[in-house]
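In the part that follows, the structures are each spelled out as structure tokens.
There are two complexes below, and they share chain A, which is joined by chain B in the first and by chain C in the second.
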Partner chain A sequence: MAHKKNRNVGIIGIGQTKHSSHREDVNQPELIHEAVSLALKDANLTMKDIDCVVHGNMELFEMVHSPDLWHVLGTGAYGKDCIRITTGGTVGATLSCASDNLTASGMYDIVMAIGFEKLQEGHTTGGITNMADPLWFRKIQAGALTGSSAYDVEREFGLERANRASLTYRIIMDKHAGLNPNAHRAFGLDFNQIDDLIRTSPKLVGELKLIEMCSQSDGACCVIFACEKKAKEISKTPVWIRDHITVHKEETFSIFGYNREFPVMKTHKFAAEQLFKRNGIKDPLNYFDVFEMYDPASWWAIDWLRDFFDLKGDEHLKLIENKEIMIGGKLPINPSGGVIGSNPIGATALIRVAEAAMQVRGNAGPHQIPTPVNHALASGFGGTMWTVMTMLEKELNW
Partner chain B sequence: MAEYWDIKVEDIFNSMQERFRPDGAKDVDAVFGYDILDEGKWKLTVKNNEMKLSKTDDLSGCISTMKADGETFVGVNTGKVDATNAFMSGKVKVEGDMGAFGKTGKLFRKYIIAKKEMTVKEYLADMFATIVPRFKAKEAEGLDAAFAFDLGGPQGGKWTVFIKDKVCTVTTEIEGSPTVTLEFNDAKDYVDFILGKIDAQSILAAGKAAAKGDINMMASKWPILFEKYKDPMGGNVQEQELLVLKKTIAVNQKFSTGPIMGKFLKGLKDKKIYANKCPKCGRLQLPPREVCAECRVRAADFLEVGPKGEVRYMDVVFYAMPDPLTGVARETPYGSINILLDGCKGNETLPHFIRKDQIEKIKSGWNEKKGTRVRPVWEENRIGDIWDIKYFEIDE
Partner chain C sequence: MTTKQMKGFEDSYVVEGRMALPYTYFAGRVGSKFITTIRDQKKIMGVKCPTCNVVYLPPRQVCDKDFTDIRDKWVDVSNTGTVSNFTVVRYDDKHLPRKAPFVLALIKLDGADTPFMHILEECEIVEVKIGMKVEAVFAKETTNTILDIDHFKPAAERISVHEINATRKQWVPVDEPDTQGKRKGGKPDMSKPVIITAALSGAATMKNQISSVPYTPAEFAEEAYKCWKAGAAMVHVHAREDAGMATHEHARIKATYDAIKDKCPDIIICLTSAVGMGKTAEQRLSQIVAIKPEVASLNTNSMNFGIVDRKTGKVFIDYVFENTFTMVQDFGKAMEENGVKPEIECYDMGGLDNAMLIGRQGIFTDPMNFNFVWGVAGGQAFRAESFIAMMNALPAKANFTTCGVGTDQFPCIMQSCILGGHMRVGLEDNIKMPNGDLAKGSYEQVEVAVAIANNLGRPVATTDEARLIMGIKKR
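Entry: the complex of A and B
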């Protein structure tokens, strides 16, 4: 059974900025205002129609306490109910969950979620390291970088196949980002560059290379949610939120025991199993038409595919090697170019929901999947292995 | 020379001296090369907080050389092109010492795109060329008039604007007998008047201009018949230089350990490593935590483990990450290891660092394979901190 809702909720407005490392032309409220204006225009609403604003980004990445106060100039929340949410990398996905819950509960009819980050203005690794337990771990951790996924894949499938799968995934993301006018990074990479990139791209940690890591972007995303009645009145193409799930885990990083008799709880796998089971989805790989995945690096992405879809053996690598995850393939992943393409962190997981919803509406733009999109999945990732997943539907018929 | 966004490659180089920031040149003593495709080569010498630029054919002796095409070079310097993207995709290449080249980023203020000046002649041409598009036909019902302009000075000229049958035409001479003729001694005054820089009264009073014929027709009808002239230079204001304010925060913090973590840290002082045990599932927690997160019960039983153990996983970190606690970049590469201390099992590993010169020798372990054995190297003066262990080293 999906989790209980008093009423259905639909996405009726989406706006996002161009994501970039060069937004010195605007301050934080101004950047947010760009996304808010675009979402209001998309929904054909004004700020008067918004009952509640849900604001979120990474805590202390820009070293501003209660940024929702300063940002009120851009969010339009002055004199309105405004809730601030900050849950790390998942914050964008949590904004979506919270907006869905606030609307479904009957408390508000129309809720606006705003995710934001200006990574050029703060210190990302400083922010992430400050998440670690200050009593001991803060001193010895290395930000968000680890080569452990690369190590895992490499150990199981051999270095060459693992490296090639990771780079194939990376280049597919670059090709998708090239189609998305809002993407931060699109280099115009091609598959014949795989060997070259494996050789020349600087290593960050272990086999994790610079080209495989996500960007650090400035950007904002705004999504407007409405109850079923309002959504049908306001929008011709509301996108319905079917269900969402959040799975947290202990914050400790001690997850590298590498002993099969003591499996580590993997939140992606756990969350996906619960979500699909309670919604009666037996074959998620066939059910979904698109998946917007939070992919911080190509190594993690190829490893996680197996967890999300409960794939056996090397099925996940074959999906990548056969380019089934490209636009036009069996299950297109991140037509937007994903997190590797654009990563304004506080907005990133909300962009996953927004991009998935745009695919369902059929008006994503040059990166629209050519075949009909009726069922979409979005994921968020953060903290130390936390997961948020969101299911979107075109029709209210489940 | 090609122009990009109205800027030549030469403009960027020619303005370098003016944009030079001695502050950013502290500790820089180097020669940098620029090789711009189809445009030429430049050599930039920076020494003693001063710079010298020369166009050259010979870039030998440069510590690093930037190669790009003209469009990319202008784009990166004016913020029209993302520098990181240009570099990653190979549009900008740096040969030689990459680290040294990074310092050039601080040497110059950003290039501000200056708008060009328009001459009086260009303004007059533009003003009369836009007369017809600015004409509001519906305001000209029943009007039959000719407005003549006789504007003197070296850049001046003559124009007549005819309005008849709700149609407006312009000629570049004065024909027939105009309804009203406006004469300016200097065409520049007319341009300034239209741009709103001076007012008509003062020009007329000073005898710099005169109107002949039906002055009322000019005064009352002209402003209604035509939309106001818009200055294509927008007042010729330079594009605003956008400022970025830089702040550095340093704060003192203190954190209470509580009794459980306190016991672990106190143990380090005595060269002992303590884990605690969940009374329900029996797993060890290292470092000790107040409760077992899985069983949600208090865990107060302690057990000494290690201090030797086996490496189960090592991250070799190449990226020079600045330590957020000190701002100093950690020396790379370094090995971040997860150790299964003797007495622990499964995932009960402790993260720490390996001795720098031993990274190459470390083997990670799993079910079928033992990892490298390691032992802690203790600090002489221990204060109850994770860094009381300097690092681990191979135990053989």
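Entry: the complex of A and C
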């Protein structure tokens, strides 16, 4: 059984900034204002129509406390109910879950979720790792910068195949990002560059190379949620939120002393199993038409595919090698270019939901999947090991 | 990293660490313009929300109350304001801009609706009060930060002309046949109010020289109002097109005239009958007859009226300003017939004589009002003895005022005030202040004229008194 809802909730408005490493022209509220204005325009609403604002970003990344208060100039939350959420990298996905819950509960009819990050202003490492002391059991945290997945895939499938799969994934993401006008990074890479990139891209940790890593971006994303009645009144193409799930597990994540006896990356697997089981989805790979995955690095992405879809053996690598995850393939992953393409962290996981919803609406733009999208999946990742998954539907028929 | 043990917790360690938190702050385009305007123009600007009329300072891109995009709605606010709250910082820390103790005050600038925080100095901490008037002191060296306003200091207490005039007795004319004799004897009547005129625009002062010169009717109205507030009883107006060219079009001049009258009903308007270069006699006069202002300028001689480099003598613009006897006579007659009091512009002694000569026809009614003009390229430069000679040549009941181009402006008005005459200032004649800084507007020069009058103990004429003195009836 999917979790119980008092009423259905649909996405009726989406706005995103162009994501970039250079936004010297705006301050934080001004950046947010861009996304909020676009979402209101998309929904054909004004701030008067919004009942509640849910604000989220990474704590400390911009060195501002209580940003929800300061950002009112951009969020439009003056005189409205406003809630701040911060759950690390998943915050954007949690914004979506919270907005869904707040609307489904009957508390608010229209809720606006705003995810935002201006990494150019702050000091990410200051926010994550400064208080770490691994020798006192405060384990070091370098965000997404870990080589353990690369080590894992490499050991199982051999260095050559592992490296080529990772770079194939990376280049597919680059090609997708090239189609998405909001994407931060699109280099114009091609598959014939794989060998060069393996050889030349600087190594960060083990086999994790610079080219395989996500960016630091500035950007904001705004998504407007409405109850079924309002959604049908306001929008011709509301995208329905079927279900979402959050799973986390803090204590076993450690980058040294990696031990196969203590596998750590299992929250994705657990979350996906629970979500699909309670929604009666037996073959998720065939069920979903698109998957917007939170992919901080291509090594994690290729490894996580297996967890999300419960794939056996090297099925996940074959999906990549056969380019089945490209636009036009069996299950397109991240037509937006994904997190490797753009990563304004507080917005990143909300962008996954927003991009998946745009695919369902069929108006994503140049990166729209050519075949109909009826069922979409979005994931968020963060913290030491957090997973949030969201299922979106075109029709209210489940 | 180190550990220590707290007394009473000998079995427990406390680990001491240190966080490095570098960060960058982005001001955005709106915030950046706010700073650069302070830096480059020593001017403080806010934004005004057209929906709720709130003027925000510091400026912001969006009105938080109604979510209106206000990034382009810039307005000037004053450099002076009122302390709406304050705190005394009593500890020293690296991030603080001054050594403790110092005052951080919330200051609501005149013209803004929101207070902003800054340092308040140049007074004893115990003297700081909520409600005290303060003014900005700009930094000598720029840092491209809000510290380009170095600090605020207590504002000089300035009682407005209108407050003073409200408490004194109104001046009444006394029939004194020998006004001129007394003047000549060096005993002018210093109790007679001095009329301050602001020449807001002229024909040639352009926005690229000084942005506060008015072009549109609304700008004229705003400038005239500021000048009236500062103590001017009369404004002299050359109407302009939107692009800045002087105009003889009746509709535009009327619109300018009406806008000033709407905003500032009491003020006397003196329209130009010179208009600008290349205008025909008909163009110059017909607008006066059509609009019938209380006062209009009447020029008295044909003369060179050019633009010449004051240092090198090089001629930039050569122009003959034509005012034949026939024109002086026709203009003077038309003005008097239409109840418009001529202000007789004398660029030298010859001009004064011309007016007197034509005046034998009985054209001009008493009292005649003369304006001695100094420093036009083509007219005479300001000399104290020339001034006295011209004054001594006036008819018995005549009034005189004076204006000077460029650096002649302040010396000539001061001399006029000493000798019992009146004063004209304004951006038409000079765009600077006595210290060489650009004036914020004609009104700031009016403030200088008021200071001169105050220092000489002469009252500043109200608009009613100015009408009595000049012999004009309010329209």
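Going forward, the second predicted complex is superposed on the first by the 370 of 398 C-alpha atoms of A that agree within 3 Å, B and C clash if a C-alpha of one lies under 4 Å from a C-alpha of the other, contacts with A are read in each partner's own complex, and residues count from 1 in each chain.
Convention: a contact is a pair of C-beta atoms (placed from the backbone, for glycine too) under 8 Å apart; a residue touches a chain by one contact, two chains touch by 3 or more.
For clarity, every value in this text was computed on a predicted model and none was experimentally measured.
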For A:H123, select first, second, both or neither according to whether it touches chain B, chain C, the two together, or no partner.
both
TODO: State whether A:G280 touches chain B only (first), chain C only (second), both chains, or neither.
DONE: neither
Go through the superposed model and pick first if A:E62 touches only chain B, second if only chain C, both, or neither.
second
### Task
Determine, under the contact definition given at the top, whether A:H33 touches first (chain B), second (chain C), both, or neither.
second
Return first, second, both or neither, reflecting whether A:G362 touches chain B, chain C, both chains, or no partner chain. neither
- Would you check which partner chain A:S20 touches, where first means chain B only, second means chain C only, and both and neither mean what they say? first
- Query: Is A:R185 touching the first partner chain B, the second partner chain C, both, or neither of them?
  - Reply: first
Comparing chain B and chain C in the superposed model, the one touching more of chain A is B
Touch test for A:K203: chain B only (first), chain C only (second), both, or neither?
first
Q. Does chain B (first) or chain C (second) touch A:G74, or do both, or does neither?
A. second
Note: overlapping chain A surface for chain B and chain C spans 24-25, 63, 123, 126, 130, 136
The residues of chain B that touch chain A in their complex are 79, 82, 84-85, 88-89, 242, 244, 247, 249, 253, 255, 257, 261, 264-265, 286-287, 289, 293-294, 312-313, 315-319, 321-322, 324-325, 336, 338, 340, 345-353, 364-367, 385-387
Listed in rising order, chain A residues that touch chain B in their complex are 20-22, 24-25, 63, 123, 125-126, 129-130, 134-143, 145-148, 151, 155, 184-188, 202-206, 210-211, 250, 252-262, 264
So, in the complex, the side of chain C touching chain A is made of residues 1, 15, 17, 19-31, 60-62, 64-65, 67, 69
Chain A contacts chain C in the complex at 23-30, 33, 37, 46-47, 60, 62-63, 72-74, 76, 78-79, 118, 120-123, 126, 130-131, 133, 136
